[in-house]
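Chain nomenclature is as follows: A, B, C, D and E, assigned in order of appearance, with residue numbering initiated at 1 for each chain independently.
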Amino acid sequence: QGKGISDGVVKLGVLTDMTGYYSDLAGPGSVLAAKMAVEDFGGKVDGKPIQVVSADHQLKADVASNTARKWIDEQQVDALVDLVSSSTALAVMPIVNEKKRIALFSGPGTTAITGDKCNPYTVHYTYNNWALANGTGREVVEQGGKSWFFITADYAFGKSLEEDTSAVVKAAGGKVLGSVRFPSPGTTDFSSYVLQAQSSGAQIIGLANAGQDTVNSIKAATEYGLTKSQKLAGLLIFISDIHSLGLQTAQGLYATTAFYWDHDDASRKWAKRFQSHPDNKKKAMPTMVQAGVYSSVRHYLEAVKAAHTDDADAVMAKMRELPVNDFFAQNGRIGPDGLHRHDMYLVQVKTPKESKGPWDYYKILKTIPASQAFPSVEAQKCPIAVKK
Amino acid sequence: MQALFGQLLLGLINGSFYALLSLGLSIIFGLLNVVNFAHGALYMSGAMVAWLLAQYLGIGYWPALLLAPAVVGLVGVVIERTMLRRLYQLDNLYGLLFTFGLTLVIEGLFHEQYGNSGNPYPVPEVLQGGVRLPFMYLPEYRAWVVVVAMIVCFGSWLVIERTKLGSYLRAGTENPRLVQAFGINVPLMFTITYGFGVALAAFAGVMAAPIYQVSPGMGSNLIMVVFAVVVIGGMGSILGSILTGVGLGVIEGLTRYFYPPASSVVIFVIMALVLLVRPAGLFGRQK
Amino acid sequence: MSEALRAGASVGWPVARVRGAFAVMFVAGLVLPFFVYPVFVMNVLCMALFASAFNLLLGYCGLLSFGHAAFLGAAGYLCAHAVKDWGLPPEVGLLLGVLLSAGLGLVIGGLAIRRSGIYFAMITLGLAQVVYFLAVQLPFTGGDDGLQGVPRGKLLGLLSLEGRYAMYYFVYAVFLAGFFAIYRAIHSPFGHVLRSIRENEPRALSLGYDVDRYKLMAFVLSAALAGLAGATKALVFQSETLTDVHWHMSGEVVLMTLLGGMGTVMGPSVGALIVLVLQNYLSGFGSWVTVITGLVFVVGVLAFRRGFVGEAIALAKKFPF
Amino acid sequence: MASPLAAPPVELLRVTDLHAFYGESHILHGVDFSVNQGELVTLLGRNGSGRTTTLKAILGLTGRRTGSVMMNGRETVHLPTHQIVHLGIGYCPEERGIFSSLSAEENLMLLPKVGGGGLSVDELYAMFPNLRERRHSQGTRLSGGEQQMLAVARILRVGARLLLLDEITEGLAPVIVQALGRVVRQLKERGFTMVLVEQNFRFAAPLADRHYVVEHGRIVDMVTQHELASSMEKLHRYLGV
Amino acid sequence: MVDDTLLETRHLTKEFAGFVAVNDVSLRVRRGTIHALIGPNGAGKTTVFNLLTRFLPATHGQILYRGEDITHARPAEVARRGLVRSFQISAVFPNLTVLENVRVALQRKLGTSFHFWQSERSLDALDERATELLAQVDLASHRELLAVELPYGRKRALELATTLALEPELLLLDEPTQGMGHEDVGRVTALIQRVARDRTVLMVEHNLSVVADLSHVITVLARGSVLAEGPYADISRDRQVLEAYIGSAEPEAAV
């Protein structure tokens, strides 16, 4: 591709889970966020229109890669957005690399994206497992939660989340007593695993799982009185999960998040717009993934504008060059490995009494500065980043 | 050792729950010769309806326990009257396909309306808390599930096996026209049966609402397992699927304890083995 | 399977017309990639082959296998692995895949064949779940991420398949080969015996046919061809994932076959086309896809039970043209 | 008629211009006949002439059907099968229709009563000893003939006043056939009305009051008991002997 | 001359869950004869057929065919050896045409039944023979009909034709004339007579007139065991047989 906007339009493809487990924390909400970002940007860049297309990858790696291929080959999509769930993200990475398009990941968590599997066209924008592990893991250990036991979803995401957290826990001087890996999807009843966690005698039960699994395991844990003697640490908690659990069940839970709507005026302002937007049928508050989608799209468009082209290399250069400054991140930076490093927040779920109303769920315990929140470039095993 | 007891008890609890679910399926499966794939979706509907009742009408768990099954059962009756009945005479492949389509529709609609992240449903006050056994802490609600499941299961079993209804239905599935030619209102009988089976699914759904995430997807994981239960127990043998349900619950529980990764497959292995040794399932009567 | 079989048994078109129809479709296949996204067409071809292989069993032996994904996936994994990690050429990858699923077919079929009806379906399902379990657990399958970035390599070390059209015509050739293998099997002495078995097993037995052997033979054939489809698919998408071994896939192939018309030669392919088009062009609509797909099946079963092609044939019979 | 001295016969069943279809194929082309209270009539005819179909059509077991079927003065073509039967009809199908998922005894007890004055189970077992012996074995495991006996026995229990019997001597040993002959005679004395479809003319002849001849889905002739001797010629021609 | 016994059973016995259906039956079927097996319902005739054709395993006892022990042979194998049966309830391939029904039987001799790569046109060679066989039972005119559409009696005729297609050496017929109209009965009787010239037939039949016309030897079964054996003349006078089976009346002459 030469300079200028190829084929006279900048096209963004939101590829996400529209119907599965994650459809509420990403899904239509992510599409909406992307559309809002485009609207706010004025619908044009360099005088060329901006389009948003979207599709459901059904959490299937093959569907994801097919759609990505089709979009790039057929519709000249310039950037893929969101890609919730690690396996779908990993599936599209070789494609964007081969075809020189840009991937703006908001949903997936695995550190491999900017680690050994990294490529020059991928931005990992919102969070990654290391950040979650580090945020929740270290904090909890420091507060005295020294011995851990994990209830882990038996697939890529869960396993890597468990590994990262164990590392952090050990580093912080805690110890890991063990873990149990349950098949997912396909597990509804967690009582058996909760019981094993109970009998492990660990102080902290780390939930290395996501979505429905998290919700069901937390329900079981409270039901079996685990929370009386031991503490739960949800490693990947979205505000939508809290909403579906209800504070009664979720209260006291620790979590690390990249975004909370009630953080400051900027975030409140945007979140309210998002919530009251006509396309947001369920009138839900944005999750960190959806907020991340908005911010990443915004940042991408800024970069295109600055580079006067949608050529992937040029735009990536600009994206790395420009800092991110909006309601989502202050002075966030995209590293050579493609990881977006920004502040994260350690939060605790309020008790029903503390909560002033719907969606008032988190107490922000502390802000984790970008430098600590994410792994350093060196710590990542990303070949291309090290070369530089 | 302690833990093992716990796992056994949990197995029993889940087992009785499987039994309750497979009961409805087994009745429909065995008596109408319909492979009711929609069973999971209807179970989910039961839970969702309970939640909706609570959410919008402030109706609590206890009334919902009757209301939700009634509502869903009624839907079942309509489905049977308007569509399903045309498929009885065909290979049960078609019933399966039809109910599969139905599943997609039901789940899709709920999903469209209420999303997938699910909704909270509290355990009723009287059943909160639990008892501390020497080897584990047993939530009262789970105990309640076991008791109710068992009562309902054996209740329906008695009604169907100990009355003539059972033989009417069995004969009716073999040759409905003829049974009708003997003066039995077969269509009505089938409608009621399907309605009842469906209501049972919804009932199980309400029972599940407080302990599992109430979401459109909650049924799709269970359905295959419940199928396996019914087949292993012997299609049409209601007692069979009750006992098998409990048994498999226990086996699954133990697998979760000794080798969790296999917990999702163990039931299917057992199913294959059983069918190879006993063609009609454990309690099924050979044709 | 009474109803369905009647549809199956009545593929009574004059040979000439059948030939004509095939000729038209053949040409269509040649030019299609210039109008439609080739990868999509290739996907359709693979699934069409898969469904046709499945139909050989359901439509012509009255055996409903609910575990055919096992063959599709197993072959896919082996092929992908062989090409990616062992650096074997694609044709060898395919061959290995086919051999594996044929072998699997021999085992699973050998066990299941002794049962019939829903029990047969359930045994195949059970054993297929075991294959799925292996696909999740075995180290080389990449578990949940699957195998990504599989190279398409050079056919016979000469022709590179990386180009979109080269690959397309390769896949097209594979499809035609598989398809006509099936067509011939159905219209062979063997096929006739299968039909008689499906119609009345004890009678076939009393005529001196070793029913089980014929069924098993059919099962292995079907499995091998399903494997061919799976291996090809893996090359097309340059990846292999759990989707192909999951029971949803086994269900999907049943749907395709019935939608298109079981026991008809073209039916499964048409069914595959319909289903994939639905999935492809509705994928923007979120949950409505699910609802619409569901409705399609409901209506299909209630109103067009013989499937698309089956109904067409029935019409052609009523108003011969 | 049943007895020449009897008061003017009361009509129990009247079939007028009955047409019946199986899907596309038009099988009955306007069947007309009537049966009086306590009378036994047979439907004779070649294979495929439409006798079974006639019985089925009376019960609404065929596909579409038109015309009129009056069951003691009540029009029934519009009623669903199960209601027609409750007007007091018992049907013994050609293919026996024994249920494989029920034991022999369950098969026997399956049918609900549709009227008073049926035979008791003991009477039935006395009539068909095999059945008592095999009563616990699965219905379709019975021998061909045993299944036939069961099919007959089961409708004698329900106290129907009109019996539709299709090929009841089929595959039965001569002794049993004779026994059955006696049973039918008894039933007649008890005032049962019967329509008998028979290949075994020798069995039917002495029992029947009247014979209807069916050909290509129509009634083409009727022969009464006392005309029988004189019209053997004709009958043989109809039946192609 | 050599022993002309084609089929022999020694102490053949079959029990079902404690109930003895066939009890110590020793039969001898001689080459070229028509051997009738009669007896009251539930005597065990069909079961004997099922044992002979290995559709059921014998509880104990032995089956010798052409002097070879076939007690443990597979059903299909028994059939291939030339011992073929018809069924009590008509057994046809409902959704195949009348012609195809017969062809399936003829096809086996081609030895190409596993050839899934060969064209079906290789079967057309059989049509002529098939039509011949159909003509024998007056079905030639119906050859294009689907078998379901035949009335009951015709189905039996078709089944017979199919069975004959195998040119069996020993033909087992279970109630060949059951459910047939008189004209059919006549025809089938004649047919059996014709085919029996170069074959051996073992048949179960309740229609005494048919038995009388056809059979050289009759074995009477009752409650699973042999009650009497001999030519029709003797059997029909045997007191036991009379009360157990034939009953008071004379054998029924065809009307």
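Everything below uses one rule, namely that contacts are C-beta pairs under 8 Å (C-beta built on N, C-alpha and C of every residue); 3 or more make two chains touch, one makes a residue touch a chain.
According to UniProt, the chain labels map to these proteins: B, C = Branched-chain amino acid ABC transporter permease; D, E = ABC transporter ATP-binding protein.
Quick caveat, the model's predicted, so the values are computed rather than measured.
Colleague: Touching both chain A and chain E, which chains are there?
Modeller: C
Colleague: If you walk touching chains, what's the least steps from chain C to chain D?
Modeller: Steps on the shortest route: 2.
Colleague: Does A-B or B-D have more contacting C-beta pairs?
Modeller: So, comparing the two chain pairs, more contacts are at A-B.
Colleague: Most remote chain relative to chain B, going by C-alpha centroids?
Modeller: E
Colleague: What's the distance between the Cα centroids of chain B and chain C, rounded to whole Å?
Modeller: 32
Colleague: I'd like the Å distance between the centres of chain A and chain C, where a centre is the mean of that chain's Cα atoms.
Modeller: That pair's centroid distance is 38 Å.
Colleague: Between chain D and chain E, what distance separates the C-alpha centroids? Give it in angstrom.
Modeller: Once rounded, the distance between the two centres reads 30 Å.
Colleague: Which integer distance in Å separates the CA centroid of chain C from that of chain E?
Modeller: Roughly 42 Å separates the two chain centres.
Colleague: Could you say which residues in chain E touch two or more other chains, in rising order?
Modeller: In chain E, no residue touches two or more other chains.
Colleague: What are the residues of chain C that contact at least two other chains?
Modeller: Residues 136, 286-287, 289-290 of chain C touch two or more partner chains.
Colleague: By the touch rule stated above, which residues of chain A touch at least two different other chains?
Modeller: Chain A, residues with two or more chain partners: 19, 23, 27, 154, 183.
Colleague: Could you run through all the chain pairs that touch each other?
Modeller: A-B, A-C, B-C, B-D, C-E, D-E
Colleague: Applying the document's contact rule, which stretches of chain E touch chain D when the two form their complex?
Modeller: Listed in rising order, the residues are 16-17, 19, 38-43, 45-47, 88-89, 149-154, 175, 178-184, 186, 206, 208, 243-249, 251-252, 254-255.
Colleague: Which residues of chain C touch chain B in their complex?
Modeller: Going through chain C, the ones touching chain B are 1-4, 64, 111, 114-115, 117-119, 122-123, 125-127, 129-130, 132-133, 136-137, 247, 251, 254-255, 258, 286-291, 293-298, 300-302, 305.
Colleague: What part of chain E is in contact with chain C in the complex they form?
Modeller: Touch list, chain E to chain C: 53, 55, 74-77, 79-80, 84-85, 87, 91-96, 100, 103-105, 107-108, 110, 112-120, 122-123, 146, 162, 166.
Colleague: So in the complex, which bits of chain A are touching chain B?
Modeller: Touching chain B from chain A are residues 19-25, 27, 154, 180-183, 185-189, 191-193, 195-196, 198-199, 211-212, 215-216, 219-220, 223-225, 240-241, 243-246, 248-249, 282, 284.
Colleague: Can you name the residues of chain D that touch chain B in the complex?
Modeller: Against chain B, chain D makes touches at 59, 61, 80-82, 85-86, 91, 93, 97, 99-102, 106, 109-112, 114, 138, 155, 158.
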